[in-house]
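Going by the order they are written in, the chains are A, B and C; count residues from 1 in each one.
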């Protein structure tokens, strides 16, 4: 076993020497101002979902944490990365539970397979609304197997369930494997960046995008923080 | 010769007179100002049976019949589009409602050819069945010039439709159970009148409000947006109506179950003459509750729709 | 000059096309800058279709427009009932045409002339009458059309008033129309592309021999009656049968006490591949009309007409498309009137002072019992043909030409010149729609008509020739 591990490490060094010098970009996404009040969702038309929530959940357009942290921001390397072509082999999941999308924002790599799962006792229809990729719309009654899909072009895609109009989510299809979603305090982390100049972009579904340039020279961690200006409406 | 002179003189005088009007028209009344780039007619083709349609041959017909709504550039921005509900199709995104192919795929040439000849009921899309087959084929080729998808992608494969089993009250009953289980009624209503709980919230993919199909409204000749035969209904819910809230059920309904649903849906068209309505009448207008010979383990917690008359 | 033009038009249509093309090159130079064409804007507004969808060139219908009309002005998309329209929608269209025209007639009755006739040529600005169209549906499958129409002095009459039950029992094969309406002519005179006095009508639709008293057989005039009409779903096959009052479309009962005529037509269209849709059909108009009227103080009493005599007009119609730009309409006619009409009887109400010959001398043209025809009087018969080619440059521009000739086959009065009353006429012109929307129609119109009528001059009974050049702006909204 031990020899195997050494072998793998050696091979990795041979194939990807840059891994030896890998930097990390990490930071926090915050907001200033007053974000819009998120309205509670009335799920009374769908009792099987309503009963899953002890208190009514709210819309997730702007999700915030303590100390002005802003969640659900996709932070990714939009320019400078050289390893864009590697599609992660593992599938990711997008779950419909309690008539909510979990996660609300699903970042993924171009051509990465993802599974859409219905954990509810009601039918959903998954209707992403791409402009660049191909639009489809599928029904998923309870107890049916996951829907396996992928997108072949980078795009920010709004996802709707027409049956439950409050259900709203995003597929963020990126042509890079360096991305993270800010959550639980607005923290994000982009590890394994070889030395080079990068443009880091932060995207929020309501507040748009911000970018920052960063240069990685070796084994270091660079702090990059993003601050979005919240609007009250 | 004197007469020729008189004609020429009056012609020129008359034309200068009218030309002054022309200038005024283009300067003031054109809602879209500025020069419009010409439409590049790519050499697209369509193949329907042994007919080959050529985009270049449809240029005049497209302008004459289609552009007022679908727009010169196929972007659904014709001068009438703003007044229409539902809105015309936007050919630049190449998403089509009526397909025999799976959701998200391009329709076959024949699908588009049939849509042109059939029109779309409850919309402003007329029934262009006076056209020659050649004209329709040419128009199918023409609308392909507006989206690059037609150059990179092949049309989807038409779904396989098994032969239709006979219409029986059991088939209708099973269809009704499926209508409940698949929650068709959430939008279409328990009686298919387009008044389900989610009906009022529906929007199409361009965020325009859209109504679910009201099965009960039509008369003896009531049609669906994508046809009027049982096979057409089968295709509609199996492939979905792309660009609208109507999803595809291809992954979730077994082919023979689908026919049962078709038979039930027919009974929702209460005014239409159909085999299904005859069978229902013979059963005194009552659909018996569905008895599943192989009940699934999970109980269905959703409320069932009422009797689908 | 005119012989040159006539011979070319008749024999060498290709040459005339190139001559026309050269003439229109000038027009394009002047008008060429403008963009996008349009018809009954009331319908266009309702359905959001451009005029060009229904009209090959406004106002002439194409096959789609014909189907729309045959469906009772319905698209058959479950959106035809007026309830689907905004309440402010009122299906009304005005149409009028200011024009300039120059009319020249070679023989007009003139006191100052030695033989009582002289040529008069005049030109000036003028107006057409105003048409006030309203039509559409009252409910799905209940259609109507009302058209008060005026002459150029705004004196109105009812051109069309009809109600129609469409798709009876859900079948397009049964539609019933009641009122005053245009006969189901495949080549519709109400949708004629020309505007001059003689070129703005189809001579074939109004012909009767010189001095003939039959004013009833005018298939171009809207008639009062009941029509059963049907067509296949795609309108390829169509028929109609109408029962009409022999009143020539006039309300009240000024003519026969019981005189009816019929109009029957049928046609079949074919998908001719790359040529387009080509149609072949026939029509028959046949009926009886009165020749004897009771009188009071010498004046005829309306509605008292009896002693019905027969007449008929029948022929073939063809509409042929040759690709996207060229089409040709052909109408033929064989007509026959009873010898009584041929001798001038029938028109007593309208022309009470007309004199008819009898073996015993002359008398007012009232066929009172015992009246005899002159020796050898026969049924007048004639044959005619109409050819109308179009060149549709694009949906906004059409070049058109027409040639009509009607030749007497048998004169009613023995010894009358064989060509007496023959008509030949040709017309050519263009219509250009500078813009194309579904809100209004607007066409620059230019037209020239030449008309020749044998033996019809008012005094000397020699050949009458007239010509008219017309430019105008035809618009509706």
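Details
Just so we're on the same page, contacts are C-beta pairs under 8 Å (C-beta built on N, C-alpha and C of every residue); 3 or more make two chains touch, one makes a residue touch a chain.
Keep in mind that this is a model prediction, so the values were computed, not measured.
If you draw each protein chain as a dot and join the dots that touch, you get a simple line with two loose ends.
When every chain is reduced to the mean of its CA atoms, the largest separation from subunit A belongs to C. Central chain assignment: B. Criterion: smallest distance from chain C-alpha mean to the mean of all protein C-alpha atoms. Centroid to centroid, with C-alpha atoms defining each point, subunit A and subunit B lie 35 Å apart. In terms of their C-alpha centroids, the spacing between subunit B and subunit C amounts to 40 Å.
Centroids built from CA atoms put subunit C at 72 Å from subunit A.
Residues of subunit C found to touch two or more other chains are absent. Residues 1, 3-4, 6-7, 10-12, 14-16, 18-19, 21-23, 25-26, 29-30, 36, 57, 60-61, 63-65, 67-69, 79-80, 83-84, 119-135, 217-223 of subunit B are the ones that touch subunit C when the two sit in their complex. Contact residues of subunit B toward subunit A in the complex are 93, 95, 102-105, 149, 181-183, 186-187, 197-198, 201-203, 205, 240, 242-252, 296, 298, 301-302. Across the complex, subunit B is touched by residues 1, 23, 26-27, 30-31, 33-35, 47-50, 52-53, 63-64, 66-67, 75-79, 100, 102, 123, 170, 233-236, 271-274, 276-277, 324, 394-395, 434-438, 444, 446, 448, 469, 471, 473 of subunit C. By the touch rule above, subunit A contacts subunit B in their complex via residues 45, 48, 121-123, 125-127, 129, 131, 134-145, 147, 162-165.
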